[in-house]
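Consider the two complexes below, in which chain A is the common component and chain B and chain C are the respective partners.
Right, the complex of A and B next:
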């Protein structure tokens, strides 16, 4: 009896496993190697996969796909969303296994790596053939997705950092709101007035952040992060060190920011949302998050980043790219072109999370929260520099937080941090050749 | 004399209980915190200084989980995967373990070493080769891709083999004399005796399978073949996370684990004591 039971269980298990398999392979043709060459030439329905890391928050992408599917009866796009933290591991595995999605999101730090290894489909010819006007997108972003003179991606959106501030705290301390006349010194003076150790409030959170922090101040001080030929680091130049010193001085010399330890415990954005810091340099993507938080809602606004020796902000944005392994390059290009269109940009703009890259549609985004001066993010475009990348960006970028934490904590000087970082970065860049 | 000894006993019992209570409190605080966050508003969840008890319980955070994710599909997939992996591992590993422990066959030690060597290599190393196998089988994006690679484990074989080794050989000899064949000896004599070991293995497999994130994300892409852990991970945004919804989802995700723990509490502790001492 017991033996029969065992045999039965095994049989049932096998049946279920094979049943799952059967139903699956029949309705999932996109993953199967197709021997049927006809699909490419006839009007048969083509299935494209679109991989993103939008997650549950991204309400716009499903809408865009729906619109595309309804206007392109011969193509069906399927969304494959992977959590942001696992996206790149998955992409790497899929690239090795040659099972990449047909179209997917790409970011700055990874574009050179993927673009220069024949994983992405170059689209310069398609752009030319279809007369796609690339001047409709910010030049810095078009450049970001150009590798060895070939276009690989159409910019989807962009973000720049701004100086968020808490109006209530400025009013209480009787300090004038930040505006475009501010320089580094005005920020320091205001921070001093806004800091009140007795109440546990600070003028600014000098967070350890690259894109919304020291990358920008390095540009403002007249420095650079990586040389134009992508062969050497700029971190050890006096300008870059000044850009780093700006932040570490706010914490360790002027004491107008929470310490590194405090900001490790509680993120800068949380301190800002709780009214513990009056100012925060952070990306444009916070607009909708701040506006939906009942503690800070209606009490905050944003201004351009103050100028140092000059103005400067880092711009970054995602791009839509096509896999070189796609079986349907024509349809994939059709979809990418659609994603880069004005129509789609307006859909993204109205959800308020990201600034669409297409010229003229940013106004919709600015209007998504009329109480806040979101226009500054668009105005800063003229001072923007592309996100610093190289062939293997993460090899050196991942060292930054480790080295700079020591400077932010006051253990080493900004000079020491800049020199150490530059030495290690040059070493990493050396290996790329 | 007697009264004095009694007092001493009570005194030490009180002390033991105090220590245990403190330990229990430390263990339960994360769960309480998780629950409290799940009923806070978004502002309260990240407020400094901490808001411990929310002003008004936000039960609709639980509804929002269902709005943002196909939560029930994920739940179902996770349960199916866990069930098959657990039954599979207990069956297959115990068969292999019994063979390694009791049956003399040429190359037994070599094969056992080979199985053990799998334990020495970190799981990340298998990730891509296993992925390629799934791809060649045409199993990407399917439930069996989640189940089949987890039907057997070197760890389970090792654990149960060690367990079988400790059982007295006389039992088997007696069974043989009474006319049991090899399979019947395993099935009717040895397996019931190995119950604590099998429960220990089952517990580990259930936990691992329930928590596994990387493998499902690598092999599967479409939402209807995803598991809970992946769904919860997708609630974490690139720049900001709504912790209230994340915690509401996590609360619902751990309920089966808590029920299993309550039901098998005793075996749980036995199981862990077992793997520690053997």
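Right, the complex of A and C next:
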């Protein structure tokens, strides 16, 4: 028996050794040309992977890559698209296993975590060397992708939420369209007139959404989500609770929105697209999706979010970052620089998918659908606050949906939800130190 | 591994004399090649299965940080298991799921298998129909059922509406959602179990039935006195396998209920909680402790089943 085991272990070792040997020899052959690189500046092709979570951008990104590949014959970029739901767990696993894509999308909640753990390549020096003008991007986004004084990403796009509405339903109910004079009360009054239980239509879908929902109303009520020093939660402050109560009252008190259960079974955007709700607070990225929907095409428009005590919207935008593990930092930087260029911004803008971050290209996006008042998304920039983040954002942000679902369903009060959330969030923030 | 242990057909002849003889039959060269042949499988098994099991046990004693950093915290995670009310709720949900889905599924599978073991017209069509859910992706099954169950626009409540019954919120009412999931689980497991029972039924020699007929036994008494007892090894096998996979239920709940659902507390299973802690909250240490707990529970339950089988399983 012992001898059998020995034979087996020997076999296992043999296979491991041969496997390693194999990869070593192939490494050698691939390394040789790259050593020559310094002497004769290479006609060898470098392959870069670009990881995204696609979404609406899938319309434009392949075009952008095609353009880059054709103008950079020595680099070939490959797109690697993962659904947003799995993107972050996949990215973290890849970071641990050192198999990260060379260039990939980053968002606000994750930038500090990735930037402060040596996963991303700092690009401050490259920016300086190539004289890249960072003032061409919104300052709040450049700041978002700056960690400990180092730049890690070039802003790609930004988004703000707006109040989408169904003109046909407003006309039928004889209600004036939303505009910038609206406050919370006007929204409620209009919703009451638009709701008709007999027909199964509602004034608004009070969806459970942070970025296009309670984060904005918390700001409008004069509250905050996380303190400026990132040390304490604002969810238990009376203003924040008012911001939450705004949504839960629409459902549970005024009954002008479908219930939480109904919106779980049929999503808010689907209810809006099928003409079951007259209003929906949603992000600017829905523009092209709504415009291409047969049912609602030409019947909808968008207005600024109504003001509460004050105006306020959350701004967020993605950034393109480079992996610190990349074997081709030079080429990766070349690609990221290209992605941040005006040329690329115009491509994204003209497909109407996202608002490009590059200054002056937003107009192209607004023009991508002239029938809809897309300008409001740009106008709201002046009332915008950056997306709330901390060192380990997901540790507390992932608890929000669990706790707030109960408030939206009317099982607990907004006060209870705000206090429970703040307690857990403070506990999570305590651990960051 | 489990399959091999419980497989009723395998009878080990543990006669030392016989074993010695067998060993002598293989020369050293044969053994060498045998090991070469199984090496790829064993390597994969060790790297992707055995090693992670030990790693999971190890990680259950740590607190997980960002990007694979962790610190040893001893029994902290296990202490937390004792006070985590979400987990206790999840264990209760899982037990309800098992108690309802496993016996019902086995009962219906035997029924279907017995019906499809006869010579009837269109037999292959029926067998295919019952087996279809098995070869359909669970995600697709869940999506279709989500649509059927939709309270406002679903087919199910539409049909109930025709009978002027107001259908419930199948997937969002905390009192009902778990049962809705169980219903789909039973529906989708019948096909697989049916196939195993069919092969079990066909393994019963027709001479028993002939003898019983001569003795004047009717169809029902033949079923209870011959079919069922001789099918017990198969029932036992299906029971053990179903129980283990029912303990690990995740995909149906994840796809049909989802995280942003008011009914999630009353439907989430142990593995769903493991996923939530491990992958959305990045508490991989605590998630590992839950995995170890689940492993121990399954181990104990399977052990009890193995002990109890002597009382009711007949190896004819």
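Convention: the second predicted complex is superposed on the first by the 385 of 433 C-alpha atoms of A that agree within 3 Å, B and C clash if a C-alpha of one lies under 4 Å from a C-alpha of the other, contacts with A are read in each partner's own complex, and residues count from 1 in each chain.
Rule of thumb we're sticking to: contacts are C-beta pairs under 8 Å (C-beta built on N, C-alpha and C of every residue); 3 or more make two chains touch, one makes a residue touch a chain.
Quick caveat, the model's predicted, so the values are computed rather than measured.
Shared-chain residue A:401: touches chain C; no touch with chain B.
Contacts of A:295 after superposition: chain B is touched, whereas chain C is not reached. Comparing chain B with chain C, more residues of chain A are touched by B. In the superposition on chain A, contact of A:139 is made with neither chain B nor chain C. Once the two complexes are laid over each other on the shared chain, residue contacts for A:285 go to chain B alone; chain C is not touched.
Of the two partner chains placed by superposition, chain B and chain C are both touched by A:266. Once the two complexes are overlaid on the shared chain, A:210 sits clear of chain B and of chain C alike. Within the superposed three-chain model, A:89 lies in touch with chain B and with chain C [touch as defined at top]. Once the two complexes are overlaid on chain A, the chain A residues touched by chain B in the first and by chain C in the second are 89, 96, 266.
Residue ranges of chain A in contact with chain C, taken from their complex: 4, 7-8, 11-12, 15, 89, 92, 95-96, 113, 117, 119, 200, 208, 260-262, 264-266, 392, 394-395, 398-399, 401-402, 405-406, 408-409, 411. Those residues of chain A that touch chain B in the shared complex are 2-3, 6, 9-10, 13, 16-17, 20-21, 24-25, 28, 31-33, 49, 51, 53, 55-57, 78, 80-86, 89-90, 93, 96-97, 99, 101, 266-267, 269-271, 273-274, 276, 283, 285-286, 289, 292-296. Those residues of chain C that touch chain A in the shared complex are 31-32, 35-36, 39, 42-43, 46, 66-68, 146, 149-154, 169, 171-173, 258-262, 264, 279-282.
Against chain A, the residues of chain B that register as touching in their complex are 41-43, 46-49, 68-69, 84, 87-88, 91, 127-128, 131-132, 135, 138-144, 147-148, 183-184, 187-188, 213-214, 217-218, 221-223, 230, 233-240, 242, 245.
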